[in-house]
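Order of writing sets the labels: A, B, C, D, E and F. Residues in every chain begin at 1.
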Amino acid sequence: MSDFTHFDSDGKAIMVDVSGKAATERSATARGSIVMAPATFELVRGGGMKKGDVLSVARLAGIMGAKRTPDLIPLCHPLSLSSVKVDLTLNEEKQAIDVTATCKLVGQTGVEMEALTAVSVACLTVYDMCKAVDKAMIISDIRLVHKSGGKSGTYEAS
Amino acid sequence: MSDFTHFDSDGKAIMVDVSGKAATERSATARGSIVMAPATFELVRGGGMKKGDVLSVARLAGIMGAKRTPDLIPLCHPLSLSSVKVDLTLNEEKQAIDVTATCKLVGQTGVEMEALTAVSVACLTVYDMCKAVDKAMIISDIRLVHKSGGKSGTYEAS
Amino acid sequence: MSDFTHFDSDGKAIMVDVSGKAATERSATARGSIVMAPATFELVRGGGMKKGDVLSVARLAGIMGAKRTPDLIPLCHPLSLSSVKVDLTLNEEKQAIDVTATCKLVGQTGVEMEALTAVSVACLTVYDMCKAVDKAMIISDIRLVHKSGGKSGTYEAS
Amino acid sequence: MSDFTHFDSDGKAIMVDVSGKAATERSATARGSIVMAPATFELVRGGGMKKGDVLSVARLAGIMGAKRTPDLIPLCHPLSLSSVKVDLTLNEEKQAIDVTATCKLVGQTGVEMEALTAVSVACLTVYDMCKAVDKAMIISDIRLVHKSGGKSGTYEAS
Amino acid sequence: MSDFTHFDSDGKAIMVDVSGKAATERSATARGSIVMAPATFELVRGGGMKKGDVLSVARLAGIMGAKRTPDLIPLCHPLSLSSVKVDLTLNEEKQAIDVTATCKLVGQTGVEMEALTAVSVACLTVYDMCKAVDKAMIISDIRLVHKSGGKSGTYEAS
Amino acid sequence: MSDFTHFDSDGKAIMVDVSGKAATERSATARGSIVMAPATFELVRGGGMKKGDVLSVARLAGIMGAKRTPDLIPLCHPLSLSSVKVDLTLNEEKQAIDVTATCKLVGQTGVEMEALTAVSVACLTVYDMCKAVDKAMIISDIRLVHKSGGKSGTYEAS
């Protein structure tokens, strides 16, 4: 197992120098969930029909959140995303909303952080919109599920 | 169980009108964890001594993230936090880093979202700094553990 | 007619000093429209039913835009909005989408610019979402319709 | 007339995937006006000589606003503008200030939204600077007048 | 001499808790200079008459920079400035531009960082605008000259 | 000596059009210092061992500040930095902290402003963290020391 790349040999935080890296097509997909009480879950499900739509607001917040990644994560490179897609689905079994985000870019660095940030912000937005009825919701299992492009190649979560 | 407050009677998203609410002292504490491989955990633990310090960078990112909450969460009010504290501790048993954030404010709205955002951004920053050695880390159990002040009073996670 | 307040006596741009002003309840409502081709209008109208909903996205963008006002307008004071409401309605007669935004605050300065910015950003977002089918849309008649609170009192557009 | 590109086949908002598009030279020019009372118009005109210069402040705000476009418009791609030019001229006949903005980029997406945002922010800034003397100003006729580059080719407003 | 306030007793960075502090009227004035070659100085001086006006652009950038302070300085509180004034004057003797910024607020924390940030951003903007003709300019002597309000009372630079 | 590039022939501020410039590898290094009282200097030096570490916080702020450059400097192009490195060292002789920042990019414009902004924000952050014990610190000698790439070639401060 190699060492952290975000510190130099003296242990000082750096933004990794990617000047010499090739610009390749990169893609990353992240996932996560927010688990809620059954009554909250029913209220969210109802939104698609006649009430305000929690999922649409959270999807948009996730897309916009991906764009703010370099403002939030100190050592992330600023980059020009070519695609962001955020999907929220109702998971009946777990009484949860599952969030999936995929980001793409032709560039010198990967977009894992953008996908993970999109998922996080979408989950936080669901919490915000539902917190008046349920403060015990839990955001969980935010993880990278797929990554391709770049020197380290393809990663597929086991 | 009451209805969502972030939609009006037509189901349209709104920023809740808090003009009539009293400015009271409010506090919120959120928690979350990022679980990692044992070797990654050892690398992070080593940081406090001679290598770059992952926990310090993530703590700072969490504090700054709390301040960006109204930029990220669409229907959050902009507000003037009077205190942000972010703590990261090594959890040997779970091979995880536990994050706790507490935000305070004298104002018309609660600071739950600020505390939850601080925890999320701190976890994402740990992921970013360690991802070169471990892409399988999982961010989990982000939740509100305490809230006081405002009309809805004190909340304590069970 | 008095003089501009955003310049000092030497004609230098300043952020007006409101330190001595009382914190009163302030409200402002702005309006504007985006006119489009009949076929575009039909596509937007269809969104509420089975297609993507242009109006919801624009409403959210308008709310978030109001919060960015001090970042955009050089001499605007940063302030803590207590309410933002953005409404988009289909105007059959004009083949336009009409946007209305109302912002509120208890503070030392008015919120006219926040309401006008919300309307502008909502209109721009409609343009963005429909521009693949109609580049000739026109954003028009953005204006203040109502303002209350503060030393200058109530303003009602004639 | 084709369909909206900012929604997928399920009607969910997406940031369009431009990964496969060629990076070509793109340019867009937008225009708009802010109409004011004759006395306000005279005050603005006087600014170039001995008073504070409304037009200079608004020009700068427009340029900076163009750079904020991806923060404001939810589904806009972040991009690296290579040129922004904002021009404000006094229109005697209409007692208005006319604003023209041109943005350029070598990239995968067009810069129409950047040009339209620059015009909008410049107009809003004029409103802000003159509102102490005239609250009835109207921002109008914000539209795309020219666009070149990209798959859809050149567009010229009729 | 007391200890740093931005670390807790374990040496961890915190945003100081000002919840218990009284909201008083606070003011801070900072100063700084940018020294340049005589020929550059002449070009800047000429700007007030027929060329582009470096000082106006820098003044505006300084005002806007003051508003971005909490985004830039990690442990600064977000706050609602009630006044920002930035002044740039030509210092013949030193062949420099002197910048003075004064910020005000009624609140729980001081505005020293806002005044110092305004001066820094104004100096950087002068550098940016003149760097095509002079890369050897030096930004110097940025310091707090006056501060009033708050528990620590009035400070006057000696 | 040539003319300013940030104004057009009418003296109006513009963002320079770099569309036609080649994308070359560019690098810039800037330096600056913050001078403090001996007792303050000792407190900062102690930070590396058992107290909070001022230099780490300032280094991170400098890196993040470099990314905010186009938000702060009105006529700077938005760009995608490929590397940011910020170094703070204790200067015993001057009782100062010396800051050095190097930024890199493959692109159409230089990164001098990014390096200078990183240095400025790092110095401001040191001031913020130490101001409770020393308000008389002075930020000085912020200057470009090296620049390479681009049409104007290499610059080395004399």
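Quick note on the criterion: a contact is a pair of C-beta atoms (placed from the backbone, for glycine too) under 8 Å apart; a residue touches a chain by one contact, two chains touch by 3 or more.
The model shown is predicted, which means the values in this text are computed figures rather than measured ones.
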item: Contact-graph distance - origin chain A, target chain E; value: 2
item: Chain at maximum distance from chain A, centres defined as averaged CA atoms; value: E
item: Greatest separation from chain B - chain, by CA centre; value: D
item: Angle of rotation relating chain B to chain C [CA atoms, steps of 5 degrees]; value: 120
item: Of D-E and C-E, pair with higher C-beta contact tally; value: C-E
item: Euclidean distance of C-alpha centroids - chain C vs chain F, Å; value: 37
item: Centre-of-Cα separation between chain F and chain A, whole angstrom; value: 31
item: Sequence positions of chain E contacting 2 or more other chains; value: 8, 12-13, 53, 56-57, 60, 64, 68, 71, 74-75, 79-80
item: Listing of all chain pairs that touch each other, if any do; value: A-B, A-C, A-D, A-F, B-C, B-E, B-F, C-D, C-E, D-E, D-F, E-F
item: Of chain A, residues touching chain C in the complex; value: 53, 56-57, 60, 64
item: Chain E-facing residues of chain F, complex; value: 1-8, 11-13, 32, 39-40, 43, 47, 50-54, 57, 60-61, 64-65, 68, 71-76, 112-113, 116-117, 120-121, 123-125, 127-144, 147, 155, 157-158
item: Residues on chain D engaged by chain F in the complex (per definition of touch); value: 25, 56, 59-60, 63-64, 67-68, 79-85, 87, 104-106
item: Touching residues (chain side chain E, partner chain B) in the complex; value: 8, 12-19, 70-71, 74-75, 77-80, 107-108
